[in-house]
Amino acid sequence: MNELSSVALSRKQMAWRAAQDIEDGFYVNLGIGMPTLCSGYVPDGRHVTYQSENGILGVGPSPAVDQEDFDLINASKAPVTLLPGASFVVQADSFAMIRGGHIDLAILGAFQIAPNGDLANWSTGDDGVPAVGGAMDLVAGAKAVRCLTTHVTKSGAPKLVASCAYPLTGLGVVSRIYTDLAVVDVSDGKFILRELVEGLSTDEISAMTDAPLLIAPDLKPLIAPAL
Amino acid sequence: MTKPVMTASHAVADIPDGASIMIGGFGGAGAPVELVHALLDQGARHLTVINNNAGTGQVGLAALIRDRRVDKIICSYPRTSDSRVFTEAYMSGKVELELVPQGTLIERIRAGGAGIPGFFTPTSVGTPLAKGKQTQTIDGRDCVLETWLKADYALVKADRADPFGNLTYRLSARNFGPNMCMAAACTIVQVRTVVDAGAINPEHVVTPGVYVDRICEIPDPKQEEELVRAQVVYP
Amino acid sequence: MNELSSVALSRKQMAWRAAQDIEDGFYVNLGIGMPTLCSGYVPDGRHVTYQSENGILGVGPSPAVDQEDFDLINASKAPVTLLPGASFVVQADSFAMIRGGHIDLAILGAFQIAPNGDLANWSTGDDGVPAVGGAMDLVAGAKAVRCLTTHVTKSGAPKLVASCAYPLTGLGVVSRIYTDLAVVDVSDGKFILRELVEGLSTDEISAMTDAPLLIAPDLKPLIAPAL
Amino acid sequence: MTKPVMTASHAVADIPDGASIMIGGFGGAGAPVELVHALLDQGARHLTVINNNAGTGQVGLAALIRDRRVDKIICSYPRTSDSRVFTEAYMSGKVELELVPQGTLIERIRAGGAGIPGFFTPTSVGTPLAKGKQTQTIDGRDCVLETWLKADYALVKADRADPFGNLTYRLSARNFGPNMCMAAACTIVQVRTVVDAGAINPEHVVTPGVYVDRICEIPDPKQEEELVRAQVVYP
């Protein structure tokens, strides 16, 4: 995989790319891990409101270390700040917000995604301790679910697969995938390659995708600034 | 995200014929009189209205029913101190009534906002209002299945809004508004005052701004009960 | 019925009698009409908290006319005041309080009550406009339901009947009945006469009751102060 | 009605072996450390605990699990920055786990408090967590039936209480507490301060006093996250 490392996006660049598609006025839930980076890269002028499923609407950036308050944390249990217009709700109301279809977009991590939109992102089916958190609620309730993930695992196994082998989080929920190599739409039971990093051929990305990958007629280069 | 502040007539302008509309309030408390009167002026017909009652006197919802603008009402208690307008329309077959126990009504609205397509409740089991409904015994309780209730629009009266649509309510005028804000595709709120960003403590927000689409500032709102007692007829 | 009028309790006396059984610390919902009078007659020293289903816990007495605020009303839509410790909740939370079993006692009016505890109090089945309000929720959710009603209708028809002919509000919900003539327990499918106004015989009250009326071994006189 | 104010050890004294206990908090925010430590000191065993997580470090719920006092945990996310105590107990079969999606968990708790024996939700449809559950399509949405969750006790951390048990919470420490207060037969709350009657605006009350049974005033409560970071071991 060494020859790819020069063209692959960094985690920050992946988050940047996903952030470019967050629309002005959106209410957004960012999953634990890489998705939380997205909030730093939304284009100027777009007003985005972040929800944290532990009961905050209007989450702001991390505080300075000496300003940390562990009564004001996000779903990753990291200290946060509030933006003007923030509010607190009780837990049932926070998930009413999610499950009731009031969150425009959830950006989540992924273990496996299938062309029918199925997502597996909570368990690798091993014998460890299972943990699900709010993932199943988010995919069932958010108006749109997009995934942010490397294109293949550390050992090189494709994450875009014909059918998820890992336990599912939700059925037919993912509409777009941002990887370190490509932007892939999930539509009508198909993976459609929309953007591809420069230096990688469509044959090469197809070889790293374990399901048919349609090439969009207007395939674009996936370009992110140095971050 | 800041929410648009506009006049009441502007806010209700796009409500089409046949729309379903939740209207907040219990008695005069929380009744969004100015918004309902703007809807009356606007002309939409064949409406389905969800409210706890069915109008009093000749103002607000009663005026809407009087003018034959409402095809159906979903409510719990269509009798009030002066509900002659509804009674006449109902007895003459001009308006359909879906009668729902008050707790089931608000739980159905809450379910609509919270993404719960159905729930089981012991309320109404064995009564005529459970007729035709699916039943199931859960944990030893006989229950009927009730389904969520959503609407195209909600018309709600609050007290304060900030620019992001966060709301507070006055006293018991809180009642149905906060749940209705969550259950409608487009929520239109009239408030006494729009305050600056930050003026509402995040711990005191009753309705988070995500549920609010349009704000009307009506600094000296009418109290429906007072209009009824003064025998006001609108328009 | 004239000979009975001298012994029957007044509305205030009926409310007084029901109020004597409201326990210290109870959270109570009083139905529209006569039941609302009960709050005036709870014995000194008992702390009772009144809930109004439109979203108030801690309802106080009526205000002076010049202090009326129609944003602060009870379930009967009459202006009220707040007692210290009062709170407002949204409508779904108010009925969660009722339906979740958090209200110790509901005192309600009645059209008909059967020995199995069935209650009919929302519709006489006529062709008028039906209205139910929170009655079905209260009988399903309150820990105890007691009824406050005249023993017979204005036309002399018994309200305590073998089986309710009117549409039901709830099945097997009533545990005690306070009438203008008697206190009747509803237990194990039976009416049990606990208290009877002076001057009325058990045969006479049985004749006004359209179901078997067991006489409690320790039958007591129903006595209320002049009010 | 005023609610009794007592020490933490007094408040938890009657919790019997085999009790089901809801414990508030999400991460360290809202974790009622002092109440859980009082329960640890008290000795009750064979507990069923409902919490979003399954303990962190060697304090609070983690200490309870470490000392084999918990037979079963109902939670959504038993992995945290340091959940070794739970992992060991679980992998060695010492504690049973019922894994529930977080939104379903809190909706089940809310249903327990609100008297809703069951509800249908699209969450978890088609996943292993829906296995064996009744399914139904309502209004075009495939759903699974989930049932209410109640407990014998709730241990909750709030910020202020008035003598009637009305509560407010601090920032995001609000999380699970208010719903749990409603779903337990006996709710025990630790607060930073008990304020005078009338000191909490009726419009700002988050948990009405009807849901509170016992109050412990703990003026300078520990923050569980800080204990974990300081690697505190209790007792």
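All chains are identified by letter, namely A, B, C and D, in their written order; residue positions are counted from 1 within each chain.
To be clear about the criterion, a residue touches a chain if its C-beta (ideal position, glycine included) is under 8 Å from a C-beta of that chain, and two chains touch if they have at least 3 such contacts.
Keep in mind it's a predicted model, so treat the numbers as computed, not measured.
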item: If a chain touches subunit A and subunit D alike, it appears here; value: B
item: Result of counting contacting C-beta pairs for B-C and A-B, higher pair; value: B-C
item: CA centroid of subunit A to CA centroid of subunit B, Å; value: 37
item: Distance from the mean Cα position of subunit D to that of subunit B, given in whole angstrom; value: 34
item: Centre-to-centre distance between subunit C and subunit B (centres being mean Cα positions), rounded to whole Å; value: 30
item: Computed distance of Cα centres, subunit C from subunit A, in Å; value: 57
item: Per-residue overlap in subunit C, given as positions that touch at least 2 other chains; value: 88-89, 92, 95, 98-99, 140-141
item: Multi-partner residues of subunit B (at least 2 other chains); value: 107, 110, 114-116, 121-122, 169, 171, 174, 203, 206
item: Pairwise chain contacts under the document criterion; value: A-B, A-D, B-C, B-D, C-D
item: Sites on subunit B touched by subunit C in the complex; value: 26-30, 76-81, 83, 86-87, 90-91, 97, 99-104, 106-107, 109-110, 121-129, 169-179, 206, 223-226
item: Residue ranges of subunit D in contact with subunit B within the complex; value: 107, 111, 114-122, 136, 138-139, 141, 143, 147-148, 168-169, 171, 174, 203-204, 206
item: Complex interface listing, subunit D residues touching subunit C; value: 1-2, 110, 112-116, 162-164, 166, 182, 197-198, 202-203, 205, 208-211
item: Touch list for subunit C against partner subunit B, complex; value: 52-56, 69-73, 77, 88-92, 94-95, 98-99, 123, 128-137, 140-141, 167-171
item: Subunit B contact footprint on subunit A (complex, rising order); value: 24-27, 47-49, 51, 57-58, 82, 84-89, 92, 95-103, 140-141
